[in-house]
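Each of the next two complexes has chain A plus one more chain, namely chain B in the first and chain C in the second.
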Partner chain A sequence: MLEKIKNKLGHFPFYVTKRMGFSKLKYWLIRAGGILLAFLLAGITCTLLKPGSFGLFFSEMIRGCFDFSDISSIIDLLVTFSILLLISTNLTPTFKMRFWNIGAEGQILMGCMGAAAMAKFMPRDMSNASVLIICLLTSMILSTIWSLVPAIFKAFFNTNETLFTLMLNYIASILSALAISQWIKSGSQSFGVLFNGVFPSILDNTGTLVVIISLVIFAGLFVYITKGKYGYEVSVLGESIDTARYIGINPKKVMIRTSLISGVVFGVIGFMIVCGIHQSFSPTIVGGQGFTGVLIAWLGHFNPMEIALFSFLSAVMQQGTTTAASAVNISSTQFSAICTGVFFFIIIACEFFSRYQIKMHHKEKVKEAKEI
Partner chain B sequence: MNYVVSFLSLAIKFATVFLFGATGEIINQKSGHLNMGTPGIMYLGALGGIIGERIYLDSIPAGAPLNPFMIVFLPLIFSILFGAIGGAVFSFFTVTLHCNQNVTGLTLTTFGVGLACFFIGTMDTSRMPEAGLAMQHAFPNYAAAGWFGEIFFSQSWFTYLGVVVAIVAAIILKYTRVGLNLRAVGENASAADSAGINVNRYRYISTIIGGAITGIGGAFYELDNVKGMFNVADGVDAFGWLALCIVIFSMWKPLIAIGASFLFACLSIAPTFFAPYLGGAGYVSYILKLTPYLATVIILIIVSIYDKKNQPPANLGVSYFREDR
Partner chain C sequence: MKKSSRIAFALSLMALATGCSSTVTAASHEKGTPVKVGLICLHDSSSTYDKNFIDSMKEAVTTLGRMVDGEAIIKTGVKEDNDAYNAAKDLVKQGCNVIFADSFGHEPFILKAAKEWPTVTFCHATGTQAKTAGVANFHNAFASIYEGRYLAGYAAGLKLARMVENNELVEKNLDKDGNIKLGYVGAFPYAEVVSGYTSWYLGVKAVVSNVVMNVTYTQSWYDFNAEKNGAHTLADWGAAIISQHADSMGAPGECEALGVPNVTYNVPTGEECPNTYLAYSKIDWAPYYEAVISAAHENDAIVGEVNNNFTGSLATGSVKFDCANEADKLILEGVKAELSAKTKRVFDCSTFTVKGKHLTSYTADVDDYGDFQPETEVIRTEGGITFFDESALRSAPYFDVRIDGITELN
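And now, the complex of A and B:
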């Protein structure tokens, strides 16, 4: 039918155009609607799989995230949130200069591997603090290598950084499997719990310090991105390389410096994941958060405050749906993945409706055409 | 000798999975779409294949002999359908809604893997192993041709279909007007638009066809190799990511992808195949696993430094909106 109308009119009855006059309120209303819809869809999916579980789903979801009588579940949520927040904020400068680094997963994993190696092999009579410092330095170095190599090739040879960083993710994952197989000879292939190099507990939880450190680094990154010369250079480079050259910015230098800084921060994240959160190590320890961080950075428009909001929402989504799914007895990790997928799809779609609008061509003519 | 023959035969079987993924992704990327949803689409195709097989197995009376045509045909149709839906979702978001391709692709992977794993885990697997065995050989008398038959004629219909699809894709991309237009869309969408090519239509169709082809690969792996013994750790997504490597490794040429798929398949089955002989040298298997990725990185670097002809499509990853020109 559309083709018929098109033939009659010479064009489709509607067309897409950029929104003029950007209303912030409308934009956030669209987004809020999208977020509500995503949570609602998660509940509906759950009900379809287990009839009658609609109410239970939401009550379990809230209990899983905001149970103030159980401080550890709150800290777990905050840990997930702060790690996501840090990953996506740290990706922001690289994305801003149009360096599509999708290798956060691998860069963090290399950091984890460095920290784990040091924590495991430093002599046991060393003090915890000195082991922690050595872990931190090693993880920073390894992450920086992983982040710097694609940047150097991008700067000098314009090698496609998306594909390069993607490959480095898998190389990192295989290397860490290799490392574990060499470290653990017993055949159990599991790393076990760290003896040394463990974060001190605050509120009975080693995660608390992770949250504190993350927020401090986040504040630093916030200043680095929004104020000062470095952040400015990065955003000019993203807008136009020629403009950057014209005002005396060296694109290669900025690209390499930005990747260096992001590598160092990824090192800290890897260090916190191993020594602070899990006190253990496995090739899947990052758990896809590196990829989720990419999504959040983009959906937050590289604005640290929006990124914070989306990190929090997806942390709630992940933890809430996992709790709810196990409460109604369905496979929780996959259900959580489905819900996260739907959540991001809806937010992506909201982007469209806030940036573009659909307009109709001559309404009368369309009506006439439809009557034929 | 026997050992080499069975190794090569198994490698060709695994190469089929890679080949479908790589051919589909090449068609995507030639239109300027870097579809990182490939692992998700592959899993969706796998889900489709399993559903197709289930429908067939449920439709026949218990204990009835399996029809060798139907056990291939129905899963094939369903995997094409599911893969195409995955591709359509991707192109709806990237073409119509002008969304970032990396973001959409990664979301599609998260979603597709979650969805497919969820439902595959709940699937009834009765008679699936039997069906898997029944579809394993397209020519039941392959052994008559000696070792040559063991390697080349012992494969399932999917394998031969994969090679045919890759060859057809190569011919279409290189020698037809449609292929030329498609490449133009991938290289410079606005120039193609000025030349009167419908950019959006080309991008939609190429992504949907690419998705459908990718989906077949996932279905083939689950039905023929896994044979109904599904569990969460099937790892179809690993094939999807490696298929992305093969696309780069073969420099966006489907014919080279046939060879590259075979090579990658050899490298990925070698660790398990030769495990009994490696003894204490466990690290060898990891190094073998590492080789495809390292080789891909090296090819990527070499191509970017020296070879100005075999570059990625210039508009790879760039959404096109006419008003932005």
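And now, the complex of A and C:
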């Protein structure tokens, strides 16, 4: 249909132009509207599946996230939030220098695999603390390899880092599946629960330490990005390689150093996911958070505070819809994933329509075309 | 429901105001009050295996009526990793007193949850650790489904005998020694599947003695394409009849397309595959659910349980089978009666050989200490029959013997 109109007119009936003079207030109002709409749509979807559950959906959603009598669910929320926050913030420096690393998922997964291997195969009589240290070191090394290799190729051979990091995700995923099939003798492909290499419980939850570590590293990254020489070098490199060279920055060095730091942090994240959150391992353990992190970093315009906002909203959406779904007895665990997907879809749409606008070509010509 | 959640929310605000805190606490059950039930499933109803659990649960809840508090909360698509623990935690938060989980790989995570909430009863189907874990509120259950599979195999044998009589077999259905080829699509190469295909094979063999079988594994409980391709490979090889132990409609659908008679598991496929459906067997979980829920209702021990293991049987109504051919049903009822009376045993050592010899002794890994070391003698002689005593010492199958006549392809 569109092709037909195009042939008749010589062009599509509409075109996209950049929007000019859009106030910051208006931009944020639209974003807020989009966020509200996403939550509303989740409620409507729930009501369509289970009639009459609209009010219950929201009260359960709030209970699932902000029930302060249940400290454990608050910590769970903070765990999801802080991991997302850390992943997105950690991607920011690489993105700022226009190194499009979309391999966070695989880089974290390699860290997870390293930690899991050590926690499983270190002798059982070894102290938990020493196993934890070995796990941490192994996961940092593996994640760093996964993050450095594409950076080295980009720096020396100008390889396309987007494809490279994307492909490494699949390799990491297949390697973990292979590892599990070798490690698990029962043939069930299920890793089971870790005996050793488990985070100590604070407030009856092993996740508390994950939150603390994440926030400390986040603070470090925040300083690294916004203040100091390194952050500046990264931004200049992102603007123009020639400018960077001109003022005496070595692009290769900066690229490799930035990827090295990001790899180390991804290693820590992988370590925390295995030893702190799951105490287990599977090829899908990262659960797409690496990709969500890319999305959040971009939606947050690489600004740590905006990133924090979207990480928090995403965590609320995930945990709230999970609790609400079981309260109204929606069986599928996919319900929460769908709601989160819709949430991001709407925010991206808001982003698009705030930056661009769709304009129609001359109206009569379109009318003519419709008569075809 | 609405009101209670509002009250809970109000209470939480009060707690915030007073600054008190606690972790997730499980509701302990008061004798005689309705039981809240939760069910954790690996897939949703599109998997024949999970559909069987879900349907049985609905049936049990209806049967028990007022003993159960509302509908059971069913969670589907719960992976065999920490998701299973999170699902259990969520069900505890929703106030469930009894929580079931349906997949083998869920076990370590459900066990972890059971240790954390000792007032909640956790029941895990197909698992192996309840006997050795020593956690009072953690239970395993299974059924002597090998008897059902044997009967379904027997039905296939009767069909095969007719095919021989009517000269329906072609050259590729026979191997070089003149044995008739059978095919089996299995999920994973562990005891649950090995026990299943061996009992099916022995069922066919009880009617037609010259049969050989190829088994192909998909390495997944639900992989439509892998199951379809598996059935296709076996049909190409010349399998005269195919059965499967994997949960999609892949294999039955392919058999219908290729015109190869098929024996199914969990659900009869007479409607979807009218030309090739022969027989099916399944575990009916409703009797077990009813035993557990009524025990929880009365704060009593679960009837029929030994060492936290429940093995359903033909007698408890936990093993069901049926076949398409009306005339065969009578014959099968006779075989079933013999199995129930224990005058016939599925794994009768005189009916099969291992490397050319009849088994006289075999140690199996019955007690799961995570060591994969066999420790228990499982060959017994009773009523003049020497047999492999499957599912008697724990609920989950432990028959992992590779017998002559069956070849694993991968």
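Assume the second predicted complex is superposed on the first by the 326 of 372 C-alpha atoms of A that agree within 3 Å, B and C clash if a C-alpha of one lies under 4 Å from a C-alpha of the other, contacts with A are read in each partner's own complex, and residues count from 1 in each chain.
Rule of thumb we're sticking to: contacts are C-beta pairs under 8 Å (C-beta built on N, C-alpha and C of every residue); 3 or more make two chains touch, one makes a residue touch a chain.
Everything numeric in this text was worked out from a predicted model, so none of it was measured.
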Applying the touch criterion given at the start, work out whether A:Leu178 contacts chain B, chain C, both or neither, answering first, second, both or neither. first
For A:Ile71, using the defined touch cut-off, is the partner it touches chain B, chain C, both, or neither? Pick first, second, both or neither. second
Check the residue A:Phe191 against both partner chains and state whether it touches chain B (first), chain C (second), both, or neither. second
Using the touch definition from the top, say if A:Asn205 reaches chain B (first), chain C (second), both or neither. second
A:Ser130 in the overlay: touching chain B, chain C, both, or neither? Say first, second, both or neither. neither
Is A:Gln334 touching anything from chain B or chain C once the two structures are fitted on A? First, second, both or neither. both
Return first, second, both or neither, reflecting whether A:Ser23 touches chain B, chain C, both chains, or no partner chain. neither
For chain A, what residues appear in both contact lists, the one with chain B and the one with chain C? 181, 331, 333-334
Give the list of chain A residues in touch with chain B in this complex. 16-18, 100, 102, 153, 157-160, 162-164, 166-168, 170-171, 174-175, 177-178, 181-182, 288, 291-292, 294-295, 298-299, 330-331, 333-338, 340-342, 344-345, 348-349, 351-352, 355-356
Per the touch rule, the chain C residues reaching chain A in their complex are 1-2, 5-6, 8-9, 11-16, 20-24, 41, 44, 71, 73-83, 87, 90-91, 93-94, 104-109, 111-112, 188-190, 219, 372
Across the complex, what residues on chain B touch chain A? 34, 36, 89, 93, 96-100, 102-104, 106-115, 117-118, 121-122, 232, 241, 244-245, 248, 282-283, 286-287, 289-290, 293-294, 296-297, 300-301, 304-305, 312, 316-317, 323
Over in the complex, which chain A residues touch chain C? Could you list them? 55-56, 59-60, 62-63, 66-73, 181, 185-193, 203-205, 277-282, 284-285, 322-323, 326-327, 329, 331-334
